[in-house]
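Common to both upcoming complexes is chain A, partnered first by chain B, then by chain C.
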Partner chain A sequence: MIRSIRAEWLKIRRSRIVPVLAVLPVVSLLVGCINFYFNRTVLQNGWYSLWTQVSLFYGEFFLPVLIAICCAFVCRLEHNNRNWNMVLTSPLSVTSLFAAKLFIVGALILAAQTFFVLMYGASGRLFALPGGFPMEIVAWSLRGWFASLSIASLQLGLSIRIRSFAAPIGIGLCAVFLGLGMYVLKIGMLFPHSLLTIGMGVLSQKGLTPAENGAFLFMNGLFVLLFAVWSIRRMKNEDVVSS
Partner chain B sequence: MSASPIVETRGLTKTYGGSNRVNQVGLTVEAGQIYGFLGPNGAGKTTTLKMLLGLIKPTAGSIKVFGKDLAKHRPDILNRTGSLIESPSYYGHLTGLENMRVMQRMRNAPARNIDKALQIVRLENQKHKKADQYSLGMKQRLGIAMSLLAFPELLILDEPTNGLDPAGIGEIRELIKSLPDQYGITVLLSSHLLSEIEQIATSVGIISDGRLLYQGTMRSLRASAKASIRFQTADPARAEAVLLERGYLPVAQGNRLTFDYLRDEEVSRINRILVEQDIPVIRIEERKKSLEDIFLDLTGKERSL
Partner chain C sequence: MKALSLEFFKIRRKKIRVMLLLFLAAEMIWASVSIGISISRSAANASWEALVFTIASMNGLFLPILSAIVVSRICDMEHKGSTWKMLMTTPIGRRQVYAAKYACANALIVYGILAQTLFIVVFGLLKQMSAPLPPALLARFAIGTLLATFAVTALQQWLSLAVRNQAFALCLGMVGGFVGTTSGLFPSAVRHLLIWSYYLDLSPAAYKYGDSSGSYVSGSLPAGLIVAALLMAVAFYVAGNIHVSRQEV
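Up next is the complex of A and B:
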């Protein structure tokens, strides 16, 4: 397992994923800030209002896309040059391969998430918002990161299965809208993308009750596991197509 | 070494859409052999090798590697096997050396093996170049170096000299030949070139249309390249009749009578019979079947290049 992660880590070194990782949070933050700036008369809730604006674009749109891109990227490495042949004839198990890829995507998203929160803090200061930086935001971001893992588990499965880079990202975008719909219908706990909306406190800043938090964590764990099992079983039992 | 073969398949079959790409193949590769898997393009070589590595699942049949069932002991078997299937795999944005490091981490091999393997394929001077910028031959060498990295007990190479220039082919050939003695590696390699297999392999399996048509040592394949004797006479019809009467079984081809392998005494005896019957003997010639003839006889196909 550690070996798999170390190998995966080497593979993404000097790749072009890092700029993408930085640019998408910056873009969503800028869009959010501009929105906030021009609507300050309506948005009276200081730090929380700023959060609604920036996290709306980030959590609802850019972050799921970023996850999909990361997943497509770590799989594209293997789709190229018939590298599946090499990876799947190594003595490492398919399970550890999938886990390592999920770990790497998780680490990348955590980095992007941290970067995003830092920038949010900086722009809050820049707008000279009253009061200090609300620490709940950190918890929300962490929850958002946790929901990202279930999305990543799903997207990894898609990207492993589909050779194309863009198609799984497209599917991910459709899932975003589906997730929004399910959130509105109050069955958001049943879909990874709506879990992200819930976790990040994007549309509602009420916060979650301990029971809701528990359900949130449980559902995320369940989704990660479910999609992982689906992908791992598939990789174990089906022929490797490489051409 | 244990007595069981390194690779043993029984009734190995792979069916795609109703047709058998690989049909009832029973491979046996013994320890220390360089086994040449020979067949025209599309004969099922790569499909068979992929099944040996578990990359694709057989429709029927069993596979044993190192005497163990592949389905049950795959990680252990893969740990002891190096391979290069289809074209070389590599991460283009990484250098040759970094590619080797990825492989080293996946295989948990000692770091010093990297230099050794790169040296063996003579890539040590290009190891800081990105793999994307390698020529096809260099990529092939990198692929071989990666398959050698852990110095496995079994090395499976699919068309290892593809894309190499003649000098490179010679080099890789010498390298492969040295592996069993120097490192105790058993090699299973495929090729569609008879000349290639002839120069490297100690054993050979010939596959065509998914069927294994011949399997044995290179020596016994050569031995089956027996000479035939041809008599050319002025009256082939009468000559044939006369010889048939005396219990010989000539095959008439135009004005020639052909015999499968004949001992020298038999040749002179037939000659005397013909001369005594006043049939002018114009020519007696020996025709040796080349390996290529045997290969073509077996596969019934033009050799693809």
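Up next is the complex of A and C:
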């Protein structure tokens, strides 16, 4: 398993993924901060108001698409030059291959989330917002990261199956809207993309009760497992398409 | 023409049209819900201008990402299949291939924009808008959206063909979607430099703020912005064509 993760890391270490990971949080934060600055008279809730401005588009639209890009990215090399044949004939189980890819995507998204929260903290200080940095934000970001894993599990399955780089990202974007609809219908716990909205406190900063937190963690775990089993079974039982 | 028909032949099993329609269906469902809520709050919002403005503002988010996906799929197949060398051995020049890909991508997006226009007509008739169907307004909406799309696809094609890794092209599409959504927050001098904000700027309908409330108004497309969008499209296309044609395969 560790060797699989090392191999995945080796594949992406010179791929210049960092600018892709950094650009969206930076743009989201900049526009959110500009909007916050010009509407400070209306946005009176300090750190929380700033969070609503910077996280709305990032958490709702761009983070799911960023996850989809990362998943397509870690499968890109395998789809080129008949590399799937090479990978699947190596002495490596498909479970550890999938788990290693999921681990790498999880690490990349964790880096993006950390960067986003650090920039949020810095901009809050720059605006001299009253009170200290709210620790709920760290919890929301971690919950958002956990929800990202279930989206990543789904997207990885799609990216392994579909050779095109862009098609799984398009499907992921459609899923964003489905997730938004399910969140509005208050059945958000049943879909990974809505879980991200709930976890990151993007549309509601109410916070979750301990029972809701439990349900949130359980559903995420279930989705990660479900999509992982789906992908691993498919890789075990069906032939790969390579050219 | 032959190169263009070949591009369509290459994508015949890629289901790009189905993906395009599914993607736009998501946008239309969102728009329907949004407009439905808006009309239920105030009957004055049951106007064609409101409908066109809502769709145009949503296009700022959707069309840059959709353009990035469509263009990336059309360009990536050459990178993935390593078919550039094969293409270079045919009597078709690189510039013709570049033009054919551009025309193919835009034809697909035109198909999407026409579907959107049809949606506006059907939705407006079903909701019994206060005024009769305005063909001129709808034509101006389609033309404005098309002009912005021409420039965006030219930029996306440049990046998709110049850089093998499509993550950068899709990331640009996402940044474009973000800029398109938030363009209303920028001052006009900044906004007019960013092509993604033209989806809203080239909309024939706008929301005018009054002292206590606002209203939807329609007007003609600003000539200066039409010229700017066309110039950007030409500049991105020519620069991309020259850059990609001179690149080593």
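Here is the rule we use: the second predicted complex is superposed on the first by the 243 of 243 C-alpha atoms of A that agree within 3 Å, B and C clash if a C-alpha of one lies under 4 Å from a C-alpha of the other, contacts with A are read in each partner's own complex, and residues count from 1 in each chain.
Note that in this section a contact is a pair of C-beta atoms (placed from the backbone, for glycine too) under 8 Å apart; a residue touches a chain by one contact, two chains touch by 3 or more.
Everything quoted here is computed from the prediction, not taken from an experiment.
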item: Touching partner for A:234 - first (chain B), second (chain C), both, neither; value: neither
item: Which superposed partner A:15 touches (first chain B, second chain C, both, neither); value: both
item: Which partner, chain B or chain C, touches more chain A residues; value: C
item: Which superposed partner A:125 touches (first chain B, second chain C, both, neither); value: neither
item: First (chain B), second (chain C), both or neither touched by A:80; value: both
item: Contacts of A:40 with chain B and chain C, given as first, second, both or neither; value: neither
item: Touched partner set for A:163, first chain B, second chain C, both or neither; value: second
item: Overlap of the chain B and chain C footprints on chain A, listed as residue numbers; value: 15-16, 80, 243
item: Complex contacts: residues of chain B adjacent to chain A; value: 50, 53-57, 75-76, 78-79, 81, 83, 85-94, 98, 101-103, 105-108, 146
item: In the complex with chain A, residue positions of chain C that touch it; value: 14, 19, 22-23, 26-27, 29-30, 61, 65-66, 68-69, 72-73, 76, 80-81, 165-168, 170-171, 174-175, 177-179, 181-182, 185
item: Chain C contact footprint on chain A (complex, rising order); value: 15-17, 19-20, 23-24, 27-28, 31, 34-35, 38, 57, 61-62, 65-66, 69, 72-73, 76, 79-80, 163-167, 169-171, 173-174, 177-178, 180-181, 243
item: Residue ranges of chain A touching chain B (in the complex, touch as defined); value: 3-4, 6-7, 10-11, 13-16, 77, 80-83, 85-93, 237-240, 242-243
